[in-house]
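For reference, chains read A, B, C and D in written order, and residue numbers begin at 1 within each chain.
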Amino acid sequence: MTVLTSLPQFPWLSLLIVLPLVGALLCLMHSKRPADCRALSLATSLAVFGVALYLFICHGQGEGRWLLYEDVSWIERFGARYVLAMDGIALLMVLLTSFMQVSAVLLAWRVERHVSSFFALLLLLEAGLMGIFLAYDLVLFYLFWEVALIPMFFLISVWGGANRRQAALKFFLYTLVGSFFMLIAIIALYQIHGAQSGVYSFVIGDLLQTQLTAAQEGWLFAGFMAAFIVKSPLVPFHTWLTDALTESPAAGSLDLTGLLLKTGIYGLIRVAFPLFPNATENFLPILAILALIGLFHAAWSAYHQDDIKRLLAYSSISHLGLVVLGLAAWQFTAWEGSILLMVSHGITTGGLFVLVALIQERTGTRSMKELGGLWGQAPCLGFLFLLFSLASLGLPGLANFSGEILVLLGTFQQHPLWAVIALLGVVFAAAYILRLVQGVLWGPAYKERSVPDLTLREWIILLPMAILVVWMGVYPEPFLAPMHGAVETLLAGGLP
Amino acid sequence: MNESLLFLIPLLPLCCAVIIMVFGMRLPRLFAEVLAVTGVAGAFVLTVLFWGYSEGEGTRAVLFTWLNSGSVDISFALHFDRLAAPMTLMVTGVATLIHLYAVGYMHEEKDYARFFSLMNLFVFAMLAIVLADNLLVLFLGWEGVGLCSYGLIGFWYQKLENAKAGTKAFLVTRVGDVFLAIALLWLFAITGTLSISEINAQATSLSPGVVTVVSLLLLLGACGKSAQLPLMTWLADAMAGPTPVSALIHAATMVTAGVYLLCRLFPLVSLSVVAMTAITAIGALTAIYAATCALAQREIKRVLAYSTMSQVGYMFMAVGAGSVAGAMFHLLTHAFFKALLFMAAGCVIHLAGEENDIFKMGGLTRRGPVELFWVFLAGAVCLAGLPLTGGFFSKDGILLALFTHPDPVYRVFWLVGVVTALLTAFYTFRLVYLVFAGEYRGVGHPHVLPLLMRWPLWPLAFLGLLGGLLNLPAFVGGSETLHNWYDNLAGRTVTASHEVEWMLIVLAVAITAIGWFAAHWRYRIYRAPQENAISRFLLNGWYADALVDRLFVRPFAAMGRFCSSGCDRTLFDGTLNGLAKMATGWSALIAQMTTGRLTTYLSAFAWGFLILLGWFLLKLVSGGGH
Amino acid sequence: MSALLFYILGFIMLAATLLCITRRNPVHAVIYLVASFFALAIMFYLLGAPLVAAFEVIVYAGAIMVLFLFIIMMLGLAPQETPEGPGWKRWGPLVLLSSSLMICTLMLIFQDPAASKEIGAFYLAPQAVGEALFGRYALAVEVISFQLLFATIGAYMLGKPLSKGDQ
Amino acid sequence: MMIPFGHALAFAAALFVLGLTCVLLRRQVIMILVGVEIMLNAASLVFVASSAYWQQVDGQIFAIMLMAITAAEVAVALAMVVYLWRRKRTLVADVFNGMRG
């Protein structure tokens, strides 16, 4: 292990996790005063965002493997340590999480039932996500993995739509089964490593040195992949997502699509690939095929949907297919593109989900048959909807394109055929997105209902997202720069 | 002056677009209009001012890094050279006139902010294509053009058909974009750069097979934007947009982008004989296809749309025959007279009381200002290729290039070009006769033509008629200005004996005359059209839409249904529900054993105890005691 | 002599127990059981455990079984459990189970060489037991005393009159 | 005393099996408890016999503790019997099947 552990510094990373937890607790303690809860959770999420922003600006360009590292002994008996580590990729994910969380809190402003619990769960979810992105010890990682799961389950099952129970249960079972395999693999790896070296440890950095036979590596890798593939989600393990996204409350779907889905891919990058390089190498083509199937399957399915939320859920699956494809290409540019796309997809699809929630609030429907002509009634809303849709469609100059083109440029250098097939998927993306835009914005307006335009609060949610979408499309350099070093080390496999 | 000021040329329309988009509805209408026109006119003036930069190898300017990751290092960079300069001038110039016209045309439209901001954005995107230094910036403009056409064709979105036409334009061109993107990725993979000039420089060192494939991909990409076979179906429907938009799409922006792309990458494309032949073949096929379709159209703008397709086919043929100068020459003259024709058609439609059908027009010389007839005629004779007009010289140059090409197969293309010219002359004059000759057959009341819709036509008529001077052939005493200006970028120098040239000219004149006379004979006096299978076939564009629908759209929708209902609902969810049912069944079975009765549990415990004991015993017996 | 006595007592104990478990009247059953415990107490004495024997009589036969009797009488339990009595179907398998258990256990016991060794003469004075109990096993005694306390509290809680909801 | 250790154990086993039979055979809760007592006594017998066999005090100690624990158990169990009787006016064990799956 590195000697970074001894550096005395302020525990910024712990702060990122502790702050939302404290916020959640305070929310629960003020359950009688909903207004306070709102203000409190907004303040908390803003504070977390502030910390993340500070880290991005002041620690974004560090030397060495890690930008920040914290290591405290935790459960000594088992060799589980409280290790948090942040590299460029984690930094981006942390930034995205804290940013989306502010939006989610603002979006949930009008929740009426069990306000304090809602915000507490939202903040707990943020803590879990932060933990996933920062943990560098497998027990800790698994712990946060489950911590992030539970609030989401309640968010869906209590505040969700008509079919919420079933959707929540489906979500819970899928992810739980996946993570169960991961748990087994974690323990097995721990045992193997301990028996080999005599040092029983869960820290990823220690486990990297484990010598595994091909069969062992394959099985352990499969265990981890079960969790990550379900979470990513790749076809055919994706049906939980469409239901969960469709049924969950607005803030929940924002977090689900923007952040929770990324944990699966992040797990691939941070845990599965480095720990099992040989198995990874063998598995990459399969991963690519799964990704491509997912990309096309979801694009086709999206075209058939009438419920706009469900359509967006499929579009998420399709985009994440491209992200996974970039990872499977195992190429520097493609990886950077994938990570960038992950971030930008979080923002664009997040924005779309916000807008869908607003549209549903105003019109009471999500069916394209009953929508249309919104542009004339609420031009600002329509404009932003168009903007995010176009970004999602991969228009150059908007956020998703930067990631997509990097993925494709990188992938083509390794596997031209994959890139070409993926490009065909781009047309399909255009097909369903344009169908969405046409169904929502164009056509005759429904005269019997009036659709008010965006309010100030909604502007505050959407405007930063819109600005980011353009910024990331035109000048993604600030987001690309921090990850260069991290991607390089991860690809080389030469981790400390 | 600093060369990065060159960025003002595309950024001026962009900034105006953004300002209008954000503040348009809050500011007075006049402000938005002035801003829109100023943006484009400013770009025109700047182009003139910066003309000097284009000489020699041209000037490169880098704004800032766009994407930087690993070996990818792409900047927002532009390259103002001899190929880009005239194109920029044309785009901004024609677009300025169109914008002026649009101010008049849209004076009753309430949603003007969206319109003008999209128009300015459109010009920006086209300038990005023209000025791009690397293929990614070009791709930015390329997609941007698609987006703007989407927004503008579907501008009157309340009618769902308009929105659908816009969507169609975006989607069909996007299919072409995919091929362009593949070419882009491929070029990057083999050359390690996306800079156009570097790719052109490295072209000779690439393997011929790769060059051929990449060129064909580029061709398909160009086909999408330039509405060539097989990706041409969107253009006719694009008439759903306001007339200034049609003018912009057909004359200054969008459809010419494909031709420009091929000219830009000509050093690469020209290396492949197969690709060059394919380009010519596609151009020729489209030219004759569109010309036949134009014969039977009833809507004035559709006739013009098909004529555009046909004329762009000529430009493709020119590129295929190796004459970049010829292609660009035709592109420029075509831009002038087609913008003119569209804008005049807009006036005509206004006069006919928003009537599109040419069979319900007629006698419009007497209903509106007579000058309209003259400017429309000026455009028409250019299109028909009447001698001494701009269109005549540019088209003749292309036919000459085809005729003199060493490969004998080009004679076939040349013949197609000649036949197309005949058809062009025929349908052009058919249009003129149906619209202007005879008595008025419609019922609509004429609208008043605002001044702004009238005077922008004059400069265009002037340019169209005298456009030939741009590149007057040597044998009629010209100096081939454009060809010399392009210098080493001009492609193959067409050399032919004077006899051949004169023969071709005489032939062209004869053909135009025949077309005119045929139209004169058939349409001078109005006769009601007869419906028959052939006319329906041509009217529907050879049923290409239906074919596309059958071949692609329906299978796609079916696939969507299959994936969503078939796979997800039935297969995946069904399997899981089955598993869940099975688990529930098992659990019910096990739950039955949980009777809740103490006695059951106790006896189960006792039996278990017995088994345990028995096992011990067995172990002892098999172990032979201790 | 004492060996013979041991066997006689053993058979008395088994017979009393058998009668106990087959009586339909619970009062009779408990009385037979008391008899069985007396026999057992004397067996304890023969095995050199006078203190345990005394406790067996005082605590088991004297206190616990009397408690049983109290409860049975207090609740006025009917002698008959079920009108038709246990049928073959019910106790046939039980006899099979019990006998096979018995056989298995006996086989297990007697295959061990230690089973045939004789128990030597042994006598443990109550004082020695007391010293061990409050010396080495003091902590265990404390724990058990706690348990008795809790049991008392538990019995008290259970014995409270039912609240209305439970009825 | 000249009896083999095995015989003492055999008596204990027989007592135990009788107790178990009682537990399984009888339906009344109180008789089930009686069966439990019988089995506990069988255990006591083993403890005491072992104590004599190994000449050690511990077996007897455990027998005494067993009695103490049994006393506690019986106290609670009989209290429950009373409780159950109050609720359902019967002590037939099969009636109490509230834990049914």
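In this section, a contact is a pair of C-beta atoms (placed from the backbone, for glycine too) under 8 Å apart; a residue touches a chain by one contact, two chains touch by 3 or more.
Treat the numbers as computed from the prediction; the structure is a model and nothing was measured.
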### Task
Please state whether B-C or A-B has more C-beta contact pairs across its interface.
A-B
### Message
By mean C-alpha position, what chain is farthest away from subunit B?
### Response
C
### Query
When the C-alpha atoms of subunit B and subunit C are each averaged to a single point, how far apart are the two points in Å?
99
## Note on the structure
Separation of the C-alpha centres, subunit A versus subunit D, in whole Å, is 60
### Query
Just curious, how far off is subunit C from subunit A if you go by their C-alpha centres, in Å?
65
### Message
Counting only Cα atoms for the centres, state how far subunit A is from subunit B in Å.
### Response
37
#### Entry: For subunit D, residues contacting two or more additional chains
20, 24, 27
#### Entry: Contacts with two or more other chains, residues of subunit C listed in rising order
94, 97, 101, 105
### Query
Do you know which subunit A residues sit against two or more other chains?
none
#### Entry: Chains touching one another, given as label pairs in label order
A-B, B-C, B-D, C-D
### Task
Can you check the complex and tell me which residues of subunit D touch subunit B?
20, 23-24, 27, 29, 32, 93-94, 96-101
### subunit C residues within the subunit B interface of the complex
94, 97, 100-101, 104-105, 107-108, 111, 113
## Note on the structure
The subunit A residues in contact with subunit B across the complex are 236, 238-239, 242, 297-298, 300-305, 314, 331-333, 336-337, 372-373, 375-376, 379, 383, 390, 395-397, 402, 405-406, 408-410, 412-413, 416, 419-420, 423-424, 426-428, 430-431, 434-435, 438, 441-445, 474-477, 480, 484
## Note on the structure
Per the touch rule, the subunit D residues reaching subunit C in their complex are 1-11, 13-22, 24-28, 30-31, 33-35, 37-38, 41, 44-45, 48-49, 51-53, 55, 57-58, 60-61, 63-65, 67-76, 78-83, 85-87, 91-92
#### Entry: subunit B residues touching subunit A - in the complex, by the definition given at the top
21, 25, 64-72, 114, 136, 139-140, 143-144, 147, 150, 154, 157-160, 162-164, 167, 170-171, 174-175, 178, 181-182, 185-186, 188-189, 556-557, 559-565, 567-568, 571-573, 576
